[in-house]
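Below: one structure in structure tokens.
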Amino acid sequence: MNGKLQGDMVTVASPRAIKLHENSHFGQLIQEELQLPLIEALFLAEKDKLTLSTEGRELSRDEFTNVVRDKGLFTKYLVFKDLRNRGYIVKTGFKYGSEFRLYERGRSPGNGHSDFLVKVLTEDQQITINDFSSYVRVAHGVNKKLMLAVVDDEQDITYYNVEWTRP
Amino acid sequence: MNGKLQGDMVTVASPRAIKLHENSHFGQLIQEELQLPLIEALFLAEKDKLTLSTEGRELSRDEFTNVVRDKGLFTKYLVFKDLRNRGYIVKTGFKYGSEFRLYERGRSPGNGHSDFLVKVLTEDQQITINDFSSYVRVAHGVNKKLMLAVVDDEQDITYYNVEWTRP
Amino acid sequence: MNGKLQGDMVTVASPRAIKLHENSHFGQLIQEELQLPLIEALFLAEKDKLTLSTEGRELSRDEFTNVVRDKGLFTKYLVFKDLRNRGYIVKTGFKYGSEFRLYERGRSPGNGHSDFLVKVLTEDQQITINDFSSYVRVAHGVNKKLMLAVVDDEQDITYYNVEWTRP
Amino acid sequence: MNGKLQGDMVTVASPRAIKLHENSHFGQLIQEELQLPLIEALFLAEKDKLTLSTEGRELSRDEFTNVVRDKGLFTKYLVFKDLRNRGYIVKTGFKYGSEFRLYERGRSPGNGHSDFLVKVLTEDQQITINDFSSYVRVAHGVNKKLMLAVVDDEQDITYYNVEWTRP
């Protein structure tokens, strides 16, 4: 299965791509074509399920990884990969001001609502309590839990559940 | 019941003070006298259970409130008051690097271990993700939950539960 | 040896990079490529072991130093450099709420556990005794010693060992 | 054995006072009289080794405790008592800018130099890194170790050893 890198998207025109969307919830189907965000495409490429090309020529996996890194998406990719490998369906959380929304195992975009918003941070970041509080407020407002995913300098990820509470 | 402000402590010499300690877990009993931290004394003063004096003269409640403010303890006091009013026994969390440890309703220092550590923050504060990690690590290591209490500019308090998780 | 600055990371694709990781414990190897945190990359650049490029053009050492400063990492870098120059292997201490964990000479991430946690502070900082308590508590709980590294206005570093004690 | 409270000192004129000084290093001998700082006098009073009087009348132990508290010395007293009870000789550290100097068990003012300076803090204090650093510098300059004694709101004491180090 081959995908074409076009700007910030990878487009796959293949009947198998439709299956990939329906069974595993990758990307968006638009007129029988699968549109994949770069980090989802990299995930599939690393699992040998996708090859890539751009402007008519093949793109090696290293070249594609570099594209993702150059766009500053690698930290986000690490969290995506880790959560997918743990069995979650992971979709963008953009509408909620966070990196991902997460479906518990057994749930998916067409079947129940997402349970978590995931905010990706790095160990060297400073956050204000105001930022922190706004992440939680948004999550609470849409009835989801907030998960912080902190990527450290060794690229290990530490997760925290945060919820608003009335003691 | 009158208490004497002496440095960082308020001392109460009264049989009723002993009851206050035994039933409600205020302060420390030292040789039949009750020693109260300033924030506990202010709490009792606001509930009309304690009057205050210092160096032989009476101290009005406003004067005493100012003492607590001058020592930078008012934010901490607000959280203490709120948690006590909600029915928790609230004791210092210093040994765990946080402001308070909290006993669930029905538990107390002499009866079961504390369930929460409470870290007091203000709306305008910045924290590093590293400090955040340190607070959670301590709580996790002693099998308690971490609660952040954020006091905003209107002195409202928002609480957050935070826990380390493996998704 | 050239590294590409990509967001918060520097990527080096070179067989010598693999040696650098295996012998000197810099960065993380991901698919035969070395991923370096910015402070490790700056350290290698200052030792003339690494040149840097970004988006296809070369980056002077001054430009790269500025990137590190802009991200607020220069103080942390100074402590990293000093400790590496003294012969320690220095890795992130994020999981323990401090900037670094430190392996004594002769020990390394693959060979024995780390002995120190290093908390980086600056001369003008205020810390609460509560935060201090939290740092020591974490270190004690994981059987490591706590070292404070204080960077002064002249960028000199003073180190302090701190341990919880029962006199 | 009776002592007279006179301002910030208690004076004891008794042959047994001389023994107390020579064997246990309490106070200062001045013209065959023992001059005791208030916290040492309170320590002896609590051990039933000293009664107190002032201006010709007897002072009960509670009254005397109140004098010590009114002068804001009670926190300092708690640390003094704890360290004496652990077997240390404890003398003022005033010349070194700290509350106490401490002699290891078996050492004393006339026999070897003191090993520790003790800085007494309370949980609600903020310290600047500059303060912290100056405590250590003074201790290091006179070849002693610095011990921080932090008294929390429950009047428990946590001790920390701090030393300047060259890693």
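The first chain written gets the first letter, and so on, giving A, B, C and D; residue counts start at 1 in each chain.
Just so it is clear, a residue touches a chain if its C-beta (ideal position, glycine included) is under 8 Å from a C-beta of that chain, and two chains touch if they have at least 3 such contacts.
Predicted model only: the values in this text are computed from it and were never measured.
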(message) Which chain has its C-alpha centroid farthest away from the centroid of subunit A?
(response) D
(request) Report the inter-chain centroid distance for subunit A and subunit D in whole angstrom, where each centroid is the mean of the CA atoms. (result) 61
(request) Using mean C-alpha positions as chain centres, tell me how far subunit B is from subunit C in Å, no decimals. (result) 38
(request) Averaging only over C-alpha atoms, locate the centres of subunit C and subunit D and give their separation in whole Å. (result) 42
(message) Using mean CA coordinates as chain centres, what's the gap between subunit B and subunit D in Å?
(response) 29
(message) Which positions in subunit C are in touch with at least two other chains?
(response) 94-95, 129-130, 132-133, 136
(request) May I ask you to sort the chain touch graph into line, ring, star, complete or other? (result) other
(message) Run through the chains and report each pair that touches.
(response) A-B, A-C, B-C, B-D, C-D
(request) State the interface residues of subunit B toward subunit C in the complex, per the touch definition above. (result) 94-99, 129-138, 141
(message) Which residues of subunit B touch subunit D once you look at their complex with the stated criterion?
(response) 4, 6-9, 11, 13, 28, 30-31, 33, 35, 37, 40, 55, 71-73, 76, 91-92, 94-95
(request) Give every residue of subunit A touching subunit C within the complex, in rising order. (result) 61-62, 65-66, 69-70, 72-75, 122-124, 126, 150, 152-156, 158
(request) Provide the residue numbers of subunit C that touch subunit D in the complex, in ascending order. (result) 83, 86, 88, 102, 116, 121-130, 132-133, 136, 147, 150, 158-167
